[in-house]
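The two complexes that follow have chain A in common; it is paired with chain B in the first and with chain C in the second.
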Partner chain A sequence: MELAKKRHKKIEAFDVVNLIVLTALLVIVLVPFYLTVVQSFMTQQEYIMNTNTLWPKEPTLGNYRDIFVGSTMVRSFGNSVFYTVFGVIFSMILTTTLAYGLSKRNYPGRAIFQNMVIFTMYFSGGLIPFFLLVKQLGLINTRWSIVIPSALSIFNMIILRNFFEQLPPDLGEAATLDGAGPLRVFWQIDLPLVKPAMATLVLFYAVGRWNEWFNASLFLGNAKYWPMQLELRQILWSSTSIVGNIPPEVGRPSFSEGLKAAAVMITMLPIMMVYPFLQRYFVKGVMIGAIKS
Partner chain B sequence: MTTANQNNRPLWKRIWRNKWVYVFLFPGIAYLILFSYVPMYGLTLAFKDFKISAGIFGSPWSDPIYKNFVTMVGQPAFWRAFFNTFRMGFWYIVTGFPAPIILALLLNEMKGNYYKKVLQTVYTFPNFLSWVIIGGLMTTLFSSEGFVNMIIRMCGGQTYNFLTDTSLIRPLLYATNVWKGAGWSAILYLAAMSGISPELYEAAEVDGANRFHKMLYVTWPGIKPTAVILLILAFGSIMNNGFDQILNMVNPVVQDAAENIDTYIYRKTFQDKPDYGFSTAMGLSKSIINFVFLLAANKIAKLMGEGGVM
Partner chain C sequence: MKKHLFSTLLAAMMVATCMAGCGNDTSDSQSSQSSSTETSGSADSSAAESGDAEADPYAEHLSFEVFTIDGSEDMMDYPLVKEACEKFNFDFTIQLVAWDNWDDVTRTLAATDSFPEVIAWYNLNYSEYVEWAQEGVFKALPSDMSAYPNLEALTEKYTIFQKLLVDDQLYAFPKIKNNNPYNEYDSYMFAYRRDWAQAMGLDYEPVQDMTWDEFKEYLQKVKEEDPGQLGDKLIPFDFENGGNSWCGFARKWNPYISGYKMVDGQYVWGAPDPTSMDAINEIKELYDTGLLAVDSYVDANNAGRERFLAGRSAVFYGNLGPSILQETANDMVNNIDGFEEEDLGLFTVKMEDGKYAVSQMDEWWGAFAFNHSCRDEVMDRWLAVGNWLLENEQIEKYAYGVEGEDWTKDENGNVTLNYTAEDASAGGSKAYITNQRTFQKFFILEGLDLFLEGNPNASDYVINDLFKKNMEVWESNPNYTPSNYDISYFSSPEKDAFASTLNGTSDNFIQAVLSDDPQATWDQFIKENQAQADKACAEINEVFGE
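Presenting the complex of A and B:
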């Protein structure tokens, strides 16, 4: 008791400094978000004239209105939802079946399959052959070019495999004796037991899919199929005097800085809304990942 | 016992007994063959003169066979990108590795659970945003109309365009990389810290250790294995830093200052006139060097008794 008290007094100065430092870091993380919110409510005139970016003098909803009425953001939102839903389903099917298969023991060829999978983590064909493959498969300019390639994360698969490996075998064996087939053991006994791990992987995959823009920029020339991130990227890079990485399309309008900020806000919103509720699951996920691998 | 029994059976019987395992393996393995191993075969393009009409298979071998590599080493821009990859990779590690450790140590010393939770939630959030979004967010800070310039003007200074300064673009990349990732990586260290026995701290207190002694002699040894693994992993992927980030934060004015092999391959192929054979030669060189780095990293991790990464 006395010891604890003494400790408490002695370190007060450090605690104060620590609190200040951590709060300063909090501000540093939050400032860009705040500025973007403010900017999204500004007209272009105010932005250009501006001497104070901390508060809009005449806040306007015009930028948000322009996005919902005049631009293609809404369409791309629909695309992103499509890619996220079907992409996650596809990724989970691949990840779960592979993890389950690799978790089994004593079948011929086990070492070969294990090494074959692990090797892809070390070595890859790189960008060009990957691009040419997708092109040759005829996926270019289809939605499947976003759903199918880059669907399997070996890292995620290993996490799940470790979970399957640690399941007690008795349950499955008992069910088999009762006449359950391997599919039933998988579906009704083993899969429910790894549900928490699977939920975490769904989150990781979903965030990855939602944030995906690079494959889309390679494979989708037709803006009709663009996900939100690519649409946003086009907006962000378009009206600057400096042309971005994507060659500008003829006839695309330039955008005001306020509209750019509003587009950032709208793209960010879905993650912002779910994140506070799901944060602990993400954290759980990174911890199991850390402990198991 | 049963294992020995099974191993004595003929191979086809053992395969038949386990047929369901192969059914489960099939989709994933087929997928990897198609999307990982076929592109590896595609690396033969590095030794070919690519003709679009002929495809990877049909394109003729180049003459001499190492022609694309001769072109590669003759390009000053390639060497600039090559050395820049390591220079930037080094600074990504120097900035990105200690930041989460320091953050975790500070958070660990903090009292008051509620505010600590809030802090952690906010710190980790940027990790879940794409570089497209972060590129947009950072413009509000650093553009000529942005927040930093507003402060400079308020202090009587001149507007300065940070985003087109070749000497500032790289530090800006390192800083935003920390801004995005440090909070998330700190969780790994906090997890390791929560595994340290409280008795160790109590014992240290009895010995008269103050807070900094405890940090140094109890907390640090507790998180050191995690730190070592993460450092080795970071060196193992030193060539893979920043691709997405650079494409979203670096504009053409300062492009050369922040060019690495990945972005160079990308720009050469998809913005200039594409020469797939030449681009693949660069890609193959990168894959091989990267492979060596990963093997070395894994080996070192094993030697240090951390069990390796794989």
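Presenting the complex of A and C:
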């Protein structure tokens, strides 16, 4: 009886308001998304006659075809996958090792290292010294100019360091007593315990790498290394070339709104697909009950 | 103690790293550039080689890089590019820049001395050009251009070349917009649906002359009779970018609305002139009476042009140079059922003074230039290619493709194309015909090919009956406003500071049109900015005032 009562819990005003607000938020998020999907399947003619329609009368894949015409999109997609996969791996190696080291309170020079690292978060050399550094390192026009120079996010490192600092030292000490060396403690004891944080950082890094275009536009003069975002920007530019200060003689226009919508879908879908695989790591509680001290 | 020593060492390492990063790479770049010249034979044979070079100025093969927003990897396979590379014995690689990051990348490369030898420069910023030329970023072009007669002819024809001289030397060669061979007028025109006019019982000419009041009456008639049966989708009058084009259209009343005007020998800010309010009131009347699309004040990305092409608007005002006009006609024929080329017409609209308000067209957009370390022979080769591309024979090649294979010409000069428009479009088997135009755009903008004799891509109706006729009508009674390069390119602290206000004129114009009290809204804009305008004018008058 009690159970049945609990199941049929009385709906309170707060729940109604909550439901309305959350539904409104859902609509605010989903409607533009849905309209973008629809727009990506519309012809220019139909879009201009009925901008906000629920579904096109004559759906077309023309906008997607226009984006993928030629081989550059497929190649740039491959480049983006490369930058994302290798970039994230490289970033995670740097982030975890630095964060782990800085989380150890008995590490000599910890404060100095930490301050030096954090200093770079607040003060950067600026664009020109950054470019000169990458140039001097011989990375210009190489794929590594996208992977290496921006490999470490100090902000992400601090997040992970805090997670490491919360780990009870007893765990590592116990493992050490059992004969484990520092690397083994790091790899087999401490690292698995910060998986939720790492999953979050992987996502942060992956989204950042996937959306990367500025460094690529600066360092990559050879278009065969361009990531998809840069390639898409170029396609969109050429589709709206009468806009702004560019004279019509420079390029020819096409259905720019349709191309934009298709580009948004192409850009968004792959990275959206990463979320379900990482979501289970976001659930906290791995540490609950692990230690009684 | 150990900690202090360690931290000092680390700090020293950081400083050393920074210093290394800021080092100069000139020697590297110079050596890499010189190494890219392939020379055959040893130093002993140099005398013999110089003899060959006299016989063939292009005996030495050159490799270099070109900085540009145009180009693709298969560019070297385009027949025209291939021919140029073989004829002038060179090859080049493209250093591609994304358009919307052009300024950042260009400035970074200029600041770090990282430009490649050839720079196909887009959207050249005049003050930056002068500054960089003075700082030695560029190499000066030869003062004697007689070796390149077609380029030299351009330098003599267009006034912009004089304006680009820095210490009597040209550091960039502007790319001329050669799309109106008839006069100096810009090509912002009114296009209208002749088929709709006929449906309303109006037998209008392809280029129909009318006054501004008659124009408004026509729009009202369109709204009332809805000849296209579009109902609430109908837009009687559309601008290229909706509200963002209104201020440009206002130049028909006040050509100086977003600039400076000479009054009694002194330059003053143009916006406060009473004619600005005339323009605001006229456009407000169009907007309030439903002759303009209700949301169009936020338009961008050619929304108005797209609506016209799709058949929603009766009249369109925008840039309709010959190539765009031809494309407009083609697109409308493709988009609108039953629409024929002759259903497109132009209005020539006389303003209140009985004249046609026309402005001088911008002569150029972008330029090509050379890095200060560019080799003389690379510069010579590039200029020779530019000169060659301006020959009629080459213009035909980029217009039609490979002679004999893609097109033939009969004894009367009529050209027959052996491919369809689909073949030449992106992804088609003859896409190079369209793509190789990017090579020509390194030197000069499009437009030349449209006026070739017997060009099957250009219709007689569009080029002659519409565009040329429109220009003739304008020429009969123009109220002509020439460009003022002196003022446009003059730089001084207060004037530069005021530039953002001038750029913001359009936003304030839109606000005034949409306001319930346009006079007060516009006056407020003037009042807020008059003091800064006066300071800017004082600097201008110090140099250019009479």
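Note that the second predicted complex is superposed on the first by the 182 of 293 C-alpha atoms of A that agree within 3 Å, B and C clash if a C-alpha of one lies under 4 Å from a C-alpha of the other, contacts with A are read in each partner's own complex, and residues count from 1 in each chain.
Everything that follows uses one rule, which is that contacts are C-beta pairs under 8 Å (C-beta built on N, C-alpha and C of every residue); 3 or more make two chains touch, one makes a residue touch a chain.
Please read these numbers as outputs of a predicted model, since none were measured by experiment.
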Go through the superposed model and pick first if A:V264 touches only chain B, second if only chain C, both, or neither. first
In the superposed arrangement, does A:F155 touch chain B (first), chain C (second), both or neither? neither
Which of chain B and chain C A:F123 touches, first, second, both or neither: first
Which of chain B and chain C A:W187 touches, first, second, both or neither: neither
Contacts for A:P108 in the overlay, against chain B (first) and chain C (second): which applies, first, second, both or neither? both
So, does A:L30 touch the first partner chain B, the second partner chain C, both, or neither? first
Name the contact category of A:S256: first (chain B only), second (chain C only), both, or neither. second
Per the overlay, which chain contacts more chain A residues, chain B or chain C? B
Determine, under the contact definition given at the top, whether A:K224 touches first (chain B), second (chain C), both, or neither. second
Doubly contacted chain A residues - partners chain C and chain B: 48, 108-109, 113, 116, 125, 127-129, 131-133, 136, 213-214, 218, 230, 233, 240, 242-243, 245, 247, 257
Chain A touches which residues of chain C in the complex? 2-3, 6-7, 10-11, 14, 18, 20-23, 25, 65, 67, 71-73, 93-101, 104-105, 108, 111-112, 114, 116, 122-123, 177, 179, 233, 240-241, 300-302, 305-307, 309-312, 319, 321, 323-324, 327, 335, 362, 365, 426-427, 441, 445-447
Residue set of chain A touching chain B in the complex reads 3, 7, 10-11, 14-15, 18-19, 21-22, 25-26, 28-33, 35-36, 39, 47-48, 50-54, 93-95, 97-98, 100-102, 104, 106-109, 113, 116-118, 120-133, 136, 149-152, 157, 182-183, 186, 207, 210-214, 218, 229-230, 232-233, 236, 240, 242-245, 247, 257, 260-261, 263-264, 267-268, 271-272, 275-276, 279, 282-283, 286-287, 290-291, 293
Which residues of chain A touch chain C in their complex? 44-45, 48-49, 66, 69-70, 72, 108-109, 112-113, 116, 125, 127-129, 131-133, 135-136, 140, 213-214, 217-218, 221-224, 226, 230, 233-234, 237, 240, 242-243, 245-250, 252-253, 255-257
In their shared complex, at which residues does chain B touch chain A? 3, 6, 11, 14-15, 18, 20-29, 31-32, 34-43, 45, 55-56, 103, 106-107, 109-111, 119, 121-126, 128-130, 132-133, 135-141, 145-147, 150, 153, 164, 179, 183-184, 187-188, 191-192, 205, 210-211, 226, 244, 247-248, 251-253, 262, 265-267, 269-271, 276, 279-280, 283-284, 286-287, 290-291, 294-295, 309-310
